[in-house]
């Protein structure tokens, strides 16, 4: 299974991705999924999140703008995903910042996510290590967090992805590094959250290969980010050029972004 | 009353449009209303939705990211619109996807919307016919849904609009088709939701002519969509070019988009 | 302390700004803060808003899409800001439009904001004067509201900023006018809300000088707005050019925007 083939499959099947993400990210994440070829749906109410998860190809859960009511919906969606054999992706935004957030992520981790994506500080803190995180931005390098990702993957049996200058993704045994992207990416809000949603799109079409599916999503961001940066004059023009680049992405460029770690 | 005259009126009166729409659409819909010349306000709390609806020119209600708390606000706004003789527009996003959503739309329909706008799958399901809808994207053609729109309009006494490649709008007796737009439009999230809000702007200035008002909004999207697509390199550049085109729209171009059905 | 020095400080320290703002503004406001050099975090739940405010450099509170649940979070954040000696900024969006909104703003005012930013109608109504406000857009000129701003500043001991064609900011004794910007700015939703968040960034790095900090944020918007307008073809292209201009802003251009009032 090549990365190009996976992207083709995503475009052909246009999987329904059930996203429970934060208010900041919703619009951008939906546009990222549409540009890549998936079909996004943002559904969070406890009354329907479980029912909806059963008809989706994958679920993604992001705690960015968490509240107790939304947490109920997240639980319902993750449980329904598990019961119906659908993969789900966890994005533990700034989980170390408050007690409320830490407890929520603990609960969600217990529901066994298929993939966990975070920045270096988030992954280090999730693995129980000291981090320099503050708010939603990372204070640590990806390299420093790689051992944390591996131990977290081994403990949770999830694929763990750290995104940063060079991304790192591991299932606890094999590991890959994904290059590309641009220094403008951390200057555009919700890039990481949108990437989590796109991982949902790829695991929906390749549920048996979450490591490769996750790497595919990271590689898409790497290529589209590099291309957008070539013509962008700043973070404002980067954002829409990124969407254009993602929509026009040539799957054959993906392989070159990925190296064994 | 010509379409050009209606757009002039919208720009001159800048009606206050009370939108209860989903989180994904809010920013884009507000920018669409501002570009067209209306004054948007997003107000959803049950504590104030009724009071606010009374000072607005029209109300629009979209169930995209529904929750039970928001449903209370929607009911309050629709009831206040009815009591104060204001038109209101319903957008039944993916109403067939879950029980929660279906029941909510049933309740809202009972509050007699002035206009209902949806994609083909949504309108077919609302008329009680089988549809191929899945999530928020349509699985059916506009043509297949036209009979459903007519019967739904006759049953509810609302104007019903189906948007798609060529839009169809009917009051159950007369019907119009509106051309234009671009294949990029379904690749940009919240285009339909924003259109629902713009219909609110037009029915606010022409409450006695909801069929023509709705057709005007559809024609604006048709023209601005075609123009934006001419220079767009993908869905990212399409979105902001669409806003620019809407702000610069020449009302005299609207008539050519509309044909009797 | 020059405006250029303050912008340098903002970029160097990248203060964590805790924003409780409306759904429409969240994405744009986060991108504005990132472009200017600050680190935004959108956190609203009553369970964590107080705890988070204590680790932030400043808090900003905007009642645009208010609900009773969010109001609890706003109170918790404002109280925690006060207790931990952090400045906080209030944006009383359309507070005169409904009883719910008026009462909420009364409560928030009692928690002594460091800065209040609004349009002319909002500031006039807040000072107890008659205004022509309707919905979220101003119906009054900045000039007409200047006396209201001064009396409101004297009564509340907050710095009060009115934004419009030429902005006015006062601490009740000294006052400044800030020029620049563009007629396209009221055509882009959430510009004012994003500005409120940026004021939060500046008061975070200069908590002892809220008048100068506020003027700095206004001057940034004045310069970036003028620059963006030079190349924009409408409100759609203005929005992303504004972000690019803000990210590239030369601090030395700020001083020329500000005059004593």
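Each chain carries a letter (A, B and C) given by its place in the written order, and its residues are counted from 1.
In this section, a residue touches a chain if its C-beta (ideal position, glycine included) is under 8 Å from a C-beta of that chain, and two chains touch if they have at least 3 such contacts.
These numbers come from a predicted model, not from an experiment.
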Category of the chain touch graph - line, ring, star, complete, other: complete
Superposing rotation of subunit B relative to subunit C, computed on C-alpha atoms, to nearest 5°: 120
Fraction-based call for subunit B against subunit A, same above half, different below: different
Subunit A and subunit B, separation of their C-alpha mean positions in angstrom: 32
Contacts with two or more other chains, residues of subunit C listed in rising order: 23, 27, 69, 239-240
Residues on subunit A engaged by subunit C in the complex (per definition of touch): 22-25, 27-28, 64-69, 94, 97-101, 134-137, 186-190, 233-237, 239-240
Interfacial residue positions of subunit B with respect to subunit C in the complex: 14, 16, 23, 26-27, 30-31, 34-35, 39-45, 47-48, 51-52, 55-56, 69, 239-245, 247-248
